[in-house]
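Each of the two complexes below includes chain A, the first together with chain B, the second together with chain C.
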Partner chain A sequence: MSEMKKIKNLKDFSTSADRFEGANLLCPGCAHSIIVREVLNATNDDLILAASTGCLEVCTAVYPYTSWDASWIHIGFENGSSAVAGAEAMYKALKTKGRLKQPDRVPKFVAFGGDGATYDIGFQWISGCFERGHNMMYVCLDNEVYANTGGQRSSSTPIGASATTTPAGRVSYGEKRNKKDMMAIMAAHGAPYVAQVAPNKWKDMVAKIQKGFAAEGPVYINAMSACTTEWKFAPEDTISISDLATDSLVFPLYEIIDGTKLNITYRPKNIVPVRDYLGAQGRFKHLFTKQYDYLIDEWQTRVDAKWDYLQRREEASV
Partner chain B sequence: MADTMELRDIEVWDGNMAASHALRQVQVDVVAAYPITPSTPIVENYAGFTANGYVDGEFVMTESEHGAMSCCIGAAAAGGRVATATSSQGFALMVETLYSASGMRLPIVLNVVNRAIGAPLNVNGDHSDMYMGRDSGWIQLDSYCPQNAYDLNFIAFKVSEDHDVRLPAMVHQDGFMTSHTAQGVHTLPDDVAYKFVGEYKPMNDMLDLDHPVTHGVQTEEDWHFEHKARQQHALMTAVIPKIEAAFDEFEKLTGRRYNIVESYNMDDAEVAVVCMGTSVETAREVAEEMRAQHGIKAGVVGIRVFRPWPLEQIAAALKDVKAIGALDRSSPHGTVGALFNEISGSLFNTDTKTVLTNYIYGLGGRDLTKAHLVSIFTDLKANADAGKVTTPLQQYIGLRGPKLSFF
Partner chain C sequence: MEKKGWDGFEIGAMLRTFDGAVSDIATTLPENRPYSQSSSFTASVADWRIEKPLFNKDYCIDCQFCWVYCPDMSIISRDKKMIGIDFDHCKGCGICVQVCPTNPKSLLMFPEQKDEESALAEWPKKEKKDQAEEPKED
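The block that comes next holds the complex of A and B.
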């Protein structure tokens, strides 16, 4: 049976056994490493991990080094999900055939991918894995941009963000499209558990990861990952930016069970204006002119409407 | 435990059915696959075996060929026997992951039922997909008939999974000509077939939970070259001896002899064609007729191992012929055919003085008839007599309309 950690406080958590080493090449202040540690530290069970090509991958497995003290595989940009699904299939086969080396241990299968690998190039593979019902967790490290290659837009990049392929300029305010709703899409697969998490709300995250590990079937976790380099804020501000994201409800924290039942898991005591969240990041700096005031108003309207929608779903228990 | 299937000594199987039974008999742990003509029946047959209790491994029907090979890579890294099948466009979609599988040194067996690659879209057999795979770092074995498709699967698993090799292997058969043509196939009992390949011996397996491993690392200019050189070294030095040993062992078991290079009537041959797939059998028949009816000492060299290319064995097989026709069943698009190039590379720096010409044939399933081969052998005889090329260097065989030859 799966063993979940009992974690009481942050000190307890930060000193728990670490299968993701601090020795990695991620930027100072990168939220990826915080999220990955929080995911891996949520369980004492064995782990079989995969990563799609991206910041996490290129910063943690540069030969002859590895930051992973658990079995880990990377194939390409689009197929981290399928890599871990293949390993999970092999686990099942060897279990049936009685050839597991440690038959009494039940590993967890987890794939990590950025939003480029998840929302864009790897979407088909993830959808395939979820439809087939592999017993795996897919964690999207959602920093809303192709950060590894220097800040190109993805289908997770929000309206108004300046990315290198949708730069703000004399006649453009940057990205024109709204972020894709991956949570709804993955819930629509009928997955037993889908949740949005943020590294600053670590208790909420650990609870959700543990729920995910306890579920049978494919689990999707959308993890907000504030990117100091591409969102353009100081490295020491990662958690305060994350607080602004969750408290402005730009990243509402909620879960969807069995594809239908939605629960909101965090309600900010004081809801922060979206303007404050946008204003703290260089990628939205150009919006703060009279010309683009309407965009910030539209942002607020959109976030309010989504929050209203989530609350109505929760109330209706659907 | 999967059920054993009682087979007759000789079954009437097409190439697809033969390959499916080989996969069943070696008890593959994970087959992850996606259907595509003409390899679809391999996947369907295997699904049928699974549904009826003859397979106790996992059978994963993925959303694409890329997903299939990605799952195969994850499964192989996890530590077990892995196989799949594809053709043509599906092969093309897999290509990225083919390089991953070989670079990660993972034993996987891929049955490739050869088919043309569009555009224009075409479902019939040619060797375009096989040629597309030739730089991918896989072992490539070539079948000429359903019997070969069956036998070579056992060889492929045995060699690929050898710890001195650890490279993935393709077993090729011609789309429709082999895959859908039923012939008598000599079978092995399930236990004998399994024993020949042996138990899977894991290495660097992710599922060994006491020994975590990292697969698929990044290497830049500091280490990439060393990795690729070791991969090439293994492919060029370890594989051929292992295939030879497996062929010897297989002959002892079955009486069926396979060779790295298949030579027919080559001892005294003055002219020879070099070809692959079903064409080898047609060419053999015509070579006999050229000898009997035309007095031309004709021979045939069939490629059994396309990768690694057996330079020395090819040079030895062709050392005494005066004229050679390289028959390529794929459009080379911008150069001479692959076999022409490979044969040139094999014979250059040797004492052999011969005349080599190139024939492109059979694209998109166009027939190669005996009459075509008669004209090719006649060309080659003229080249042999003249001691030089008397025809265009590269010609199309069986093409309608105006002659479109080159060079």
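The block that comes next holds the complex of A and C.
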């Protein structure tokens, strides 16, 4: 097994040579590439990557260019996970037969998918990969909307968000259903490591990615990716919106080990009201009228209840 | 290599990022990499910008926040020091300016046509922390 890259502080981290190139066509201020950089720079090992259809895939592989300095494959919307699982199975087979050209180099297998490819379209494939127990990492870039095709709702879109297929207007406040709890679903597969990360907490993120790389078996990472275009905020605010999301506990940062033991990895010093998080984004601006006040209160209650639940689970370690 | 048209490609074609062999990409810095013309590193998105960030190294504390949060790999850091901005790949989003913790900021947004010399000359001075309280002291 190759040694884990040592990253003590941000200055250490900044000596990494990026394996993801600029002049990709992601929007200015897109959190996707911040997450991709933090994942790829967490290791010095060889990488075998796949991306499901989504913003990341269409923007980094536009003919005649590729933005990846590692083996990278795209097949379909649903099967980024099984493409990497196939490569991993091939690697194992060649290793058993002793036909690897460089047996001392142990590559890492990572699949990237958006929330559409993870929560909806690719769900069956991911579930299959986790059931078979491939030694791979699946990173979901969760921006809560099908941003690539124009902002349709996905099953990750939270209540009250205005998306193009659930628009807010005279009769509707937008999305009616709450976000699917993907973390719990993936942990229920018995995966050795499942974690939620955010790009603004880079150290927490890098530590979790390295734990994921060290684990044997399928690893699921749910990465919050603030979308400047569909969440409707200015491109320079990506990090401050992400800060609001983690500090208001809308995106609590935690990990689940072996499907049972839950650890909270980030506790904000000052918990920000959910109202501030919602108010910073254009997709929730219709909620700030008197008739929808109750929705914001419900949001706060739900977030508090979830945080309470996480803390109780951590304490009981079940 | 000559560029093929959209219909000149076979199904399942592969684009190579590098011309020739690179033994270990993770430890090779961009300036030492033999990029092929298929790598987007050889392309530019400079025309996306309306405003560009400019860097004043007098105030920089090399915290590397700008490096880690840059979505376009456009902050150039070598040997733990921030040395400049890659204007071929910067899209002008302004995240680096937002996350810069120094006072005054060592990165600021300027109009695209602004030259660096005059920007540095008119760089704001250090702001006093409690300006609101100043009148009371008088």
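FYI, the second predicted complex is superposed on the first by the 314 of 318 C-alpha atoms of A that agree within 3 Å, B and C clash if a C-alpha of one lies under 4 Å from a C-alpha of the other, contacts with A are read in each partner's own complex, and residues count from 1 in each chain.
As a working rule, contacts are C-beta pairs under 8 Å (C-beta built on N, C-alpha and C of every residue); 3 or more make two chains touch, one makes a residue touch a chain.
Given the structure is predicted, the values throughout are model-derived calculations rather than measurements.
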Please indicate which partner A:258 is in contact with in the superposed arrangement: first for chain B, second for chain C, both, or neither.
neither
Is A:181 contacted by the first partner chain B, the second partner chain C, both or neither?
neither
Taking the superposition on A as described, I'd like to know which of chain B and chain C A:297 touches: first, second, both or neither.
neither
Which partner does A:66 contact after superposing on A: first (chain B), second (chain C), both, neither?
both
In the overlay, answer first, second, both or neither for which of chain B and chain C A:308 touches.
neither
When the two structures are overlaid on chain A, which partner does A:202 contact: first (chain B), second (chain C), both, or neither?
second
Thinking of the overlay built on chain A, is A:58 touched by chain B (first), by chain C (second), by both, or by neither?
first
Thinking of the overlay built on chain A, is A:21 touched by chain B (first), by chain C (second), by both, or by neither?
second
Do chain B and chain C touch any of the same residues on chain A, and if so, which?
46, 61-64, 66, 68-70
Looking at the complex, which residues from chain C come into contact with chain A?
3-4, 6, 9, 15, 17-18, 24-30, 33, 37-45, 48, 62-65, 67-74, 77, 79-80, 86, 88-95, 97-99
Contacts from chain A onto chain C in the complex sit at residues 10-26, 28-34, 37-38, 43-46, 60-70, 199-200, 202, 228, 234-240
Under the stated contact criterion, what part of chain A meets chain B in this complex?
46, 48, 50, 57-58, 61-64, 66, 68-76, 78-79, 82-94, 96-97, 99-102, 105, 107, 124-125, 127-128, 131-132
Sites on chain B touched by chain A in the complex
29-30, 32, 56-58, 60-64, 66-67, 70-80, 82, 96-97, 100, 104, 205-210, 212-220, 223, 227
